[in-house]
Amino acid sequence: MSILVVLLSLAAGAYALAVIERWAVHGHLSLTGPAWAALALLGRESLLARKSDRLFFELGPVLLLVAGLMAVAVIPLAPGLIITDLATGALFLNAALAYVLVALIMAGWGPNGAYAMIAGWRFLGQFIAYAMLIVMPITAVAMRAESLSTVEIVASQEQLWNVLYQPMGFILFVVAAMGLAWLPPLDLPDATGELAGGVEAEYTGVRLAVLRLARMVIILALAGATVTFYLGGWLGPWLPPWAWSAIKILVVAAAMLSVGRYMPRIREARYLALSWKLGISLALANIFVVGVIALVVPI
Amino acid sequence: MSELSQYAILFGLSVGVFGFVLSLYGFARAIGRARAEPGKDVPATAGTLSRDPVWVRYHARYAGYALLFLAFDMEMAFMYPWAVVYREEGLIALLDMGVFLAILFLGLLYGWSQGALRRQ
Amino acid sequence: MTLVGAREGAMSGIRRAVAAAMARDLPAFVLPGPSVARAMGLDLSGSHLRLVGTPRHANLLIVVGPLPPGLRDAAAVTYAQIPRPRAILALGAGDIAPLPDADVSAPLTQAGLHSGLADLRRVIAAGAFRADSGEFNAPALEVRVEYTCPMHPEIVRDAPGDCPKCGMTLVPRETASDGHGGHGGHDMPPEDRSNPADHAHAGHAEDAGGAGAYTCPMHPEVVSDAPGKCPKCGMFLVKAEEGESHGHGHGHGGHGHEHGSEAHGAHGHGDHGGHGKQQDHSGHDGHDGHAGHGGHSEAAIDGIEPHFMSMVEMTEGQPRSSDGLQMDWIEVPFGPFFPGLPAGLRLTLTLDGDTVAGSEVRSLVGRAELVDGPQMRVADFVERLAAMMPLSPVAYRTLACAAIEEAASVDPGHDARRGRAAAVERERIASHLNWLAEFGLQSGFLWLAARAGALQLAVQGADVAGIAAQAGAIRRLTRRVQAAPLMRMRLRRIARIGKDTPASGPVDRARGGGSDARTGDPTLKDLGFETRVRNGGDALARLRLRCDEIAQSLDVIAAAGRIAVPQVPDVDRVSGEGAARIETPRGAAQLRVKLTDGRVVEADLDTPSDVNIALVETVTAQQELGDALAAVASLDLSPWEVRG
Amino acid sequence: MTVQMIFLAFFGGAAVWFGVVVFRTHSMVRSALALLFSQTAIGAMFLVMQAEFLGVLQIMMMATEMSVMAIFMVMFMMDPGGMGKMDMTHQKRLSLWAGGIGLLAALLLVWLPDWGPVALSVPGAHEQAADLGRELLGRSMLIFQSAGLTILTAMVAATMVAIVPNAEQRK
């Protein structure tokens, strides 16, 4: 039952995100727009580049969707409202999202097109930049919660949300999450002005529809993860828990989608250098600080 | 809910995604099939046909980062179980992991000094 | 009412619903490009269109203005790559062959766009599917298939088979059919493009012993009589026979160190060591059971010349990257319709991974002869020059008028001069805003793209009061752009240009240079003009300088108090020569005209883009792809200004 | 229990099959990703055997590390797209011997030692992770720290071998 509820809210959330994305990218707000766009996409030809690696080309979007859904599976929306409350939930989230990389490499390599291939390998570079900054902040979160279960992690924030407890980790995690979902300004693998669509460039019709849907699911999963790890999940006064989850996730997702509108895309070299020289140092410092606080303060 | 049934749910969901995607493809197929035409199946390159295959030995300039990444990724295997028992173990855990991370950070600094952290 | 590019299938049931959805959701690809559309005064953002960066994601092709001849093939390619159902909306385009007839044609105005889109939506809703849709083909899409060995690119056959050298299966490769420029960068003279029969000989012509052709190991189509470097990748050309005889020698002598017992393989090669007929090769390969394995190790394998299978030797002579590694380079076209690069500019980058190892730039819309025919009426000449430069028509119109007045010794008068100066400054503001919008699009700074585009449209036809009304918003925009997060990081040290390289306009002034045709102009001096200069010489300095110039031009226009686009001077059967030089938004342009009997008989134009296009190679060399494209964009080239 | 066995066999078969694909394909990227999925299947086997932490860790780490391997394979192998249909196998005799000995060793390791009685009840997934943590900080601390040193050595060695030092780069 709760699985069905989560899946339906996932569908609703993905649609809401599509509305927000159209507004952020194309500047018009239309509640029905994504529905028409999706139907139109299904009606367009879905082309296959010749000399392509068809298996990769077909599998890329599907694997992306699987990865997104697996990540969503460990996000709690309310007490009891979660698909699977794994004891290693935070780690599993990581594992699922690692396949985003695999899917994008497949999608990039598959069509044998220059833009897509460069985009796919670029994303591997981007992954190397953000990966540690996803993992290390989560470790600090798990230290406080004494568990990897996402439900426990939310419960551990009863008295103080992690965003206040470990603000540094929050910032690092959000930036890394945007990199993972290749959201502007970290949209190196589908940069319109540099690679004319990149990994998405060869996808048309129904395959593109699946790819876009998968991306929305991933953004939702990451917004959900941010909320779970740092913003107290379903915790909040007055409103029922599920409403708090929905509001927080949508606000975080909308913020992640629209912030890139106001700045140019980062350069790959700078991104890598910043992540490794500054980001990892800060992430290690964050772990240390949280470690000291966790020993001194009993919350 | 037992752990095995949770894994079964996850497995079922993955299979379900394939089913969902296949049904979408079936719907799209019902509307029509793609038509083969000249130039249509060549990867798009902004108005110029580029028919040469691009699967060549790709020069990844982030190779240095990639090498260090492998080491850091390895280290995460130890971080998670450590994090779970951190508060229980207390100071010893902090010191232990402090030493471990310091060693790793040393490796990072070495790589940095040698130029692993730059475009090659 | 159906689309020319309709999808196959009867219009019924679910397809009707899908067609209705398509009519509401129109992802559009604009030819020649959004910046040209804006320069022509078309606001594409407000019509519920979604502009996309690749034809793959579009289903509507909007052709804005007449399609230049040089872009027709590219337009056909773009159209061919749009998935069906696809539609064409032609705005003031006239003849668009080889594209099929436009589904809807409308005049090149905002009203035309709106009515055209409304019509188009109806056409799509009614006719996105059709039982018998015709096939689209164009000369640019024709191909010839040839077969080549992945290890020995010099082997090219027109039928499938095995490589005579290593026995690997030849892989098919498509090339553009001869005599057509559709293939990226392959614009070598026809005589250099060997036909398949020649290729079949290429590996064996050395039997004659003498004039062996030189060829590039990576680009077999490059054939030269003399040694040298490959024009595409810069590798040293190898003598066509060299690889082969070397390989045989190696096979004979040093072979079998691992599979010595199976010496028949090496022996077989030894037999025809020095010469080698094709039959010998194929006969030999026939009994070689292991043909085609290995290749990933340095181990020699019987039956295959170890020379070609060795990674170390394979890459011998190939150019090395900065870190000493040798990789394969690919040639990737960017443009002529690449989002974020000037429309009409075809940049072909040789990429080593994601780093630019070489570049070739070409304008597909370069200007033709200014004087069309033996002589031209003055009015026609002025209009022609203005129409040739869609990105800055007013500046070139002013230039033409000034040169003709000079030739005819006519003085336009003080007020007219002020009005003209203000008109050119207004265009400078619009042009720089257009550049900012393009930069926004390229770098994913979408707020900038939308805001600068809107301001450009508001400014470019406005009078003094209209510009004054927008001045505050424009100044805020320029301040905000420079302060945007990541902006410095994005542009600093990109596309650095030294003091000695020739450059024109803002590119020169942003490296501390002082070239400005406006310096010393008394009219502008009156209006409070001072040359703006920035130091740095990188893309960031150019951005800042353009922002400075926008602010300065706003002041000049306010001081001038009037804007007057010059009228064609009334010259009455005079003869004479005259020259004029003005600072267009992209730099100084100079025009010399010769009048005979009141008609233009000769004209000669120097444009800033002629100068700046030569910088492309310098600023892209060894840059990361994104940086290289930002570097090219920072030059603000107008392909229309480049000599065709 | 039977269902568990069926799934174990299924994922085991998948792991082996992907392992075979590694050598049967021509494309380097396919080869690398086949290895990736082979490892993923092993991770799934761990899950079926209720070793949750180990399984999830395997699934996560192999995805990333094999992807990194893919780029190195594309960098250094000829014809990474497999367009020339080259065979992945070489040095067959040696490989057969090595593989055979490896298999034998694995089988001996399975059959010979005394693995003790079959564990009928498995600790909960959370307990597993916590136990592992306690182990790391207690009895196996030395192993843990020497793992750190090993990783450091690997980092230094990889950097020394593969990276052109800054000073030389500038020349």
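General remarks:
So that you can tell them apart, the chains are marked A, B, C and D in the order they are listed, and the count of residues begins at 1 in each.
Assume contacts are C-beta pairs under 8 Å (C-beta built on N, C-alpha and C of every residue); 3 or more make two chains touch, one makes a residue touch a chain.
None of the values given here were measured: they were computed from a predicted structure.
On a Cα centroid basis, the chain most remote from subunit D in this structure is C. More C-beta pairs in contact connect the chains of A-B than those of the other pair, out of B-C and A-B. Taking each chain's centre as the average of its CA atoms, subunit B and subunit C sit 34 Å apart. If you average the CA atoms of subunit A and of subunit B, the two centres end up 12 Å from each other.
The centroid of the Cα atoms in subunit C and the matching centroid in subunit D are 46 Å apart.
Distance between subunit B and subunit D, defined via averaged C-alpha coordinates, is recorded as 15 Å. Residue positions 3, 31-32, 34-35, 40, 42, 44-46, 50, 53-61, 66, 68-69, 73, 76, 80, 83-86, 88, 93, 108, 118-120 of subunit B each touch two or more of the other chains. Residues of subunit C in contact with two or more other chains: 7, 15, 18, 54, 56, 83-84, 171, 322-323, 325, 327, 330, 332, 338-339, 353-354, 624. Along subunit D, residues 27, 52-53, 57, 64, 68, 71, 74-79, 81, 83, 124-126, 129, 164, 169 each make contact with two or more other chains. Those residues of subunit C that touch subunit B in the complex are listed here as 7-9, 14-15, 18, 54-56, 71, 74-78, 80-81, 83-84, 129, 133, 135-138, 140-143, 171, 173-176, 182-184, 321-323, 325, 327-339, 346, 348, 352-355, 624. Interface residues of subunit B, counted against subunit D in their complex, comprise 3-4, 7, 11, 53, 55-60, 63-64, 66-71, 73-78, 80-86, 88-89, 92-93, 96, 99-100, 103-104, 106-108, 110-111, 113-116, 118, 120. Of all the residues in subunit D, the ones that touch subunit A in their complex are 27, 29-30, 33, 36, 52-53, 56-57, 59-60, 63-64, 67-68, 70-71, 74, 81, 83, 124-126, 128-129. Residue ranges of subunit B in contact with subunit A, taken from their complex: 1, 3, 6, 9-10, 13-14, 17-18, 20-21, 24-25, 27-28, 31-32, 34-35, 40-46, 50, 53-55, 58, 60-62, 65-66, 68-69, 72-73, 76, 79-80, 83-88, 90-91, 93-94, 97-98, 101, 105, 108, 112, 117-119.
Within the complex formed with subunit C, the residues of subunit A that make contact are 22, 24-28, 32-33, 35-37, 39-40, 42-47, 114-115, 118, 121-122, 184-185, 187-188, 191-197, 200-205, 208, 260-270.
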